[in-house]
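Going by the order they are written in, the chains are A, B, C and D; count residues from 1 in each one.
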């Protein structure tokens, strides 16, 4: 599989003709995001379920980005490596993605690009160029985009040519505006052509435009005209009969919101009553904080206007220390970052740990190590999240797998932090953060705010408050900075119950034991359903162990297996610390085979499982090219395993994403 | 055991009467270090083997510090929790340590302290005060130092009173100097009284003074007079017959050097040809760098004067980045730190990892978490050393257990770093760093400098140099910055073979795999004897698994068991990454029981073992009060285990250290 | 040790801000004078102990928080400013005093020093300037002049010296003073003024370290080595130096004051100025600026906002937020 | 792409310092002008490519090292100075040029900025001043003035502005200039002079970011909004400003220059000075100072010292060292 390069990557998949896997690509800054936004909103407004996946370079303008959108009447939780419909309006997207259109699928391309040599595409990686050229040469095709198109046609793909320049010209004429202005609708034209092709009612596209540019009627009008033009053009120009997919709006109008993972976390934090967030910009965490900044105040059921004070700091060290300082006063407080920033927070986490500060750190994993793949995804930071800090302190590590979990877990994190008075690391990854989904509006009724044991120091004691008094649970009532009578000390050093530094060996042992006991308390108290969740057939032996953003794809793969009568189950680990070792030992006893699925090189969860239980996974399915897993590739892989492959570590590769 | 507080901590141990466990205590800054230095040198100069352990507060002046010295004709590798002879010259030391003198032992105390209330001792920890007072009250003794002395006498300890003020006065008279000056010899007086008591030839004490103050004849003369005075005083004043221990010099005059762990590492680095070290001060690492600063140049076999450029940076982030920068030019380069500083280096390590920089980081563990116990010891940072960095890169983690290993490993670290072109973390701990031992001079013949694969880019290639060309071993020849024709890029981002940033999924996989392959190469190439070492009876089932500074005490404990016919073996893990899983699986197969011994809370090595092999320790013996383990306490503990205790986690506690 | 609160019939004294725990600085250390001064200043300001946080860095100096019966926060090396900021931002009612060393502040902590200047948050930062790293045994601090060799250094210092006053001014501290730790009375005045200043205050305290700094000792400051035998330190309030930048000052006025400041801050050697160098009343505080974003920030600061009703239900109403993304 | 080396019959040109890889800055980004200028400066200085390292931070600016066929080191966010120091200290023959953003240098990297000033190591630091965090999509950089709201900010900036020139001067940079990225010719001159300066040089380059900084654009610098319609930038070499502190200058001379510097550095608005602000020849370089400790440092720098003989035996002779601790 290692040298399966520019080639179709999956078996042709059958997806019902009334659902769609659609892709749009283009240079960063050219409106790809807007295009995908229009497409997704149009579909969601028609009551369809939408799943969006965004891939982009660490670059502001010019490099390639693309958006995969899957739309269906049933909920979708994963992208497909292959799509039925591809929209491109420049060279690179066509060169990269034509190969990913399935037989029976279709693609749009810009007329002007046909003669272009693959070699001449500015930003296409050398490796990708070489592979594509070799592929075309092998097949005796010209090493131009024309060759790429020809290959697509040979593989049963409809190719629809569009002269975007001409369409823009007509629009300019029609609206009597300059072409430069009209050209801004290129992405709208492209989206509308796709939707026209699947005969989707255009009124939803109009509505989508209004959602994207609320109140900006001039822009909306221009784009509405573009939509009409595109619909007209498709009807007039193409033979659409060969492309069988059609998209119909849904009758059901269940309430749905369309958002991404960064937003879901931000909303969860607001719901949980977070009042302070410090941050230093870093992909893919920034968008959460900038969303919060843009929503710094909001209404509140008690009449007063609610708010979150968001502070951009000078670095992540400052961010974590500032958040810890704020938390000491009783403010629910957090910071959000990703790998490199988290690496800088390690010392601060230790301080919060020994001082039993309820501090929430939202960690969006991205490709590593080091600067790595800043805008790509990886589940590479589990080891670090579990071990960040010299020596030991208790921590709660909580991993979400989708937007709903992201929201509720973001809120739950504060309860854990305050209940166990310690650091909570909420792990997500880039693929969740930039994933868009239409989901039911989150239910605030499901959230209960528990503030843990807060001291009432005015109850008549003398002298400093015994903030760190050893208790059976390990939890001691904490006075908040500013409370009368609650004065005590805080220090990164080992300390007495009053928080004064000490090196006494006995007090040291007491405090170390007190702190670590909190982990046992948490392990006892946190319901098993929060710790892990089981999907698929709970009685199946064929067991997949995974965590985080892979869940959607795995669940879909299991459903595909189920359709063929193959039973399988997924055990999703959500709480990584305290690790649910005993629970897993029991659950995993009948597993045969046990398959770890992770988006990292060495199977970190699998190793943590073994560390705590001795249980080793029989197989490891990993992906570490920085891109999320696709359901159907997993399905194929599981089939291979069922068929008895010898491989123990299977690497999912896809050179075309 | 948890409430066994101020009480003798061990069974009375029999130590041969011609060896000695000696302790001196006093306020920081009052000359305790010098006292211990004189004592150790006097013994070592007499051909005896010396082992010294230093305990001190994170404080410059006033807080209690003490030094344990064991002296014997055979090599000694561990301290004793109990001593035969205690020297004190103020209140706190007497209050703290009288309890640790064994039956038949002796102590010196200052006459003026007898009436002092325990309650009134300035820096004695409240907990320790309470326990001592309770202990005295229980026994109907006065809660003064007089009570403490009375208790000692009741326990069969000889108590020798000394009026240090008077001795100082006579010295001042005799030498016609002011008392303030004469008072500076108090520690010399104290040491000399101890040595007089054991009838040790005083000429070695003279020699020791000359070693301590080389060339400062006035000071030496004054102290020589003090020694004479003390010897005279002991002979005149005390009945020494009740104290049976005698110390005789050794006939053998094998070459020996007396040094501590920081110095051993520094020497190893100089021997290995390190030319650059950056550092930021932090206990207990600083002394290594300041030693290097004081030995910045030295002779060289090639005639030129050798040197190490030592740079004090503004923080540890700068230290690690600067060292990495220097390493890129081909300079053997390192930095040294401890937990909090290492925590700040995490991001820098990742950069060095992805750029395959041969970077050595010397990590002296101290008590944690956070600021923790800055001048105490712990083996708490193994998890962090293994996992520092988001995502994954190969690293070599090497743990030394004593001064000789510290020296040779410090040198070997550079070979590993350059051979595998990656980060090497050399772990030690505070107890090694401040441990003094007399050892044979290190043998430079045992060191071979291997510089790994260095490119010769002038061999005629075109364009940038393919620095990161994938190879089977994972190792690619590296050009050094400044080499003609070797130009390439370096980046924390994923990169092509030329070092240019890329997000291509295929190149990403190749580079990730190339890097991680180095770990397999290292696992294959590093000899098993470097990875782990076995002590005791290799055929024994009773197996102890440990690492680092515990080794000395465990080996001695095993010897004590052997004397009773109980077979036991220690398996010392030295290379923590790549972890010698397969080798251990084989070695541990017959282990029954398998006992992990570690100076941390949760048995980090034991967990790493399980992570890699599934093997769980049957018992865990841990100590986390910040102080090292004593051989005889371990011996007792192993006996308890042999006797079939139910406890699975045994915590070694000693409130009196 | 009880909560220090002035009552109708009793004025607070420094004693109310002392603790019955032993102090482990070296005998004669300049740090003692500083905490004495802080205790007196707290009393003079009649602060309520529970509304005060003393936030320390790491170093001998960083231990200062242990010596006050207030909320005492001993943070990480170099990080006192971020922690202090977090506390003050979340609980703006508190009086925050930062206490930290020169290595802490301008070595490892320099990045925060620089960026704190941009915020002008209302707090006081007392900078213990002993020119060495005390607690790690006498290495050069960034305040040590090049070429000097205090006793722990194996060779003269090869790194240049930072001028803390200059640094504070360059980055935006709005109140800047210098004291000398053995002149407690003057230090008390400075601390009182610094705390009363509504923005970010900085006090450079020349703090002899008898253990490691054998160059700039009490005697040296007393000018014992000088022909004149006169103390080196003189006080700006005995001169006609005016530190004030008044509210609404124009750019030219600010620049003029900066130049005067620079000249004074540069003086060193036989005559060392101390006192108030800058009192800038023209720059808004961070709290003022936050109020432009969160109108009720002062009334409902992060630590006070009611986030749940009695049954634990969130008070946050997300309907507006959901509406923005509502599709159906 | 071949090794750039001037030969007898050929002068180097900027082309010799270009690479055949695409560049992914936004169209019109000020960064282009900067790398053009660096390429021309390298050519004019006839540098040998293998003796040059361009060391970048993280940000749009930090990508600059990719565009030179020299040793190009793309480091971590805020850490270009420590990496650059390590390279230069270990291989003092190399010419080191740091390239980094304003967030990189004065936000996360401020601590290194401050302490690099203390060393005066011979290298050039080019500071890309676009007032925003470009690569993370337009947040405020520490160089952005309070109250401004470039297009990515949801509200006006509430943090104060740092003046990079002031910062560089306060901490000890010995050569300080300012350029404007669309005036490549002037930037070339500045870079050449900065590299030729034997200590730590700093060039603040005003670098429009057309994508996120919609306030200080090319048009704004060109003064299109002014009544005069005149460019805002004027050049100090067209005035009688003299940046030089001569070798051996006394304290008063240094102070005088600092005051002049301060006044110039403070100017902003309708008239913005650029050019050379400081050329301090009075301060020793770090290499000079190291030589006081390691006499043969320049001849036997860390990267050159022979550490092993042919059979790998250490050349270090530890006998003196062992003797110090030898007992028997």
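Descriptive notes on the structure:
Here is the rule we use: a contact is a pair of C-beta atoms (placed from the backbone, for glycine too) under 8 Å apart; a residue touches a chain by one contact, two chains touch by 3 or more.
This structure is a prediction, so every number in the text was calculated from the model and none was measured.
Counted by C-beta pairs in contact, the busier of B-D and A-D is B-D. Using the average of C-alpha coordinates as each chain's centre, A ends up farthest from chain C. Computed centre separation for the pair chain B/chain D is 43 angstrom, with centres defined by C-alpha atoms. Put simply, the C-alpha centre of chain B and that of chain C have 38 angstrom between them.
With each centre defined as the average position of its C-alpha atoms, the distance from chain C to chain D rounds to 32 Å.
Residues of chain D found to touch two or more other chains are 58, 74, 76, 78, 107-108, 110-112, 114-115, 142, 155, 159, 290, 293.
Across the assembly, chain A contributes 57-58, 296, 314-315, 317, 340, 347, 351, 370-371, 491-493, 501 as residues in contact with two or more other chains. Within the complex, the chain B residues that touch chain A are 5, 57-58, 125-128, 131, 317, 338-340, 342-344, 346-347, 350-351, 353-355, 365, 367-376, 378, 380-381, 383-384, 386-393, 491-494, 496, 501-509, 512, 516, 600-602, 607-608, 610-612, 614-616, 624-627, 651, 653-655, 657. Chain contact summary for the complex, chain B toward chain C: residues 29, 57-63, 122-123, 280-283, 286, 290, 293-294, 296, 312, 314-316, 340, 370-371.
Across the interface of their complex, chain A is touched by residues 22, 24-27, 58, 60, 74, 76-78, 107-108, 110, 133-137, 139-140, 142, 152, 154-155, 159, 211 of chain D. Across the interface of their complex, chain C is touched by residues 41, 44-45, 47, 211, 253-259, 263, 267, 270-273, 275-276, 278, 295-302, 304-307, 309, 311, 313-315, 317-319, 321-333, 347-348, 351, 411, 438, 441-442, 444-445, 447-451, 462-464, 480-493, 499-501 of chain A.
Listing the residues of chain D that touch chain C in their complex gives 78, 106-115, 117-120, 142, 146, 155-156, 158-163, 166-167, 170-172, 251, 255, 258-259, 262-263, 266, 283, 286, 289-290, 292-293.
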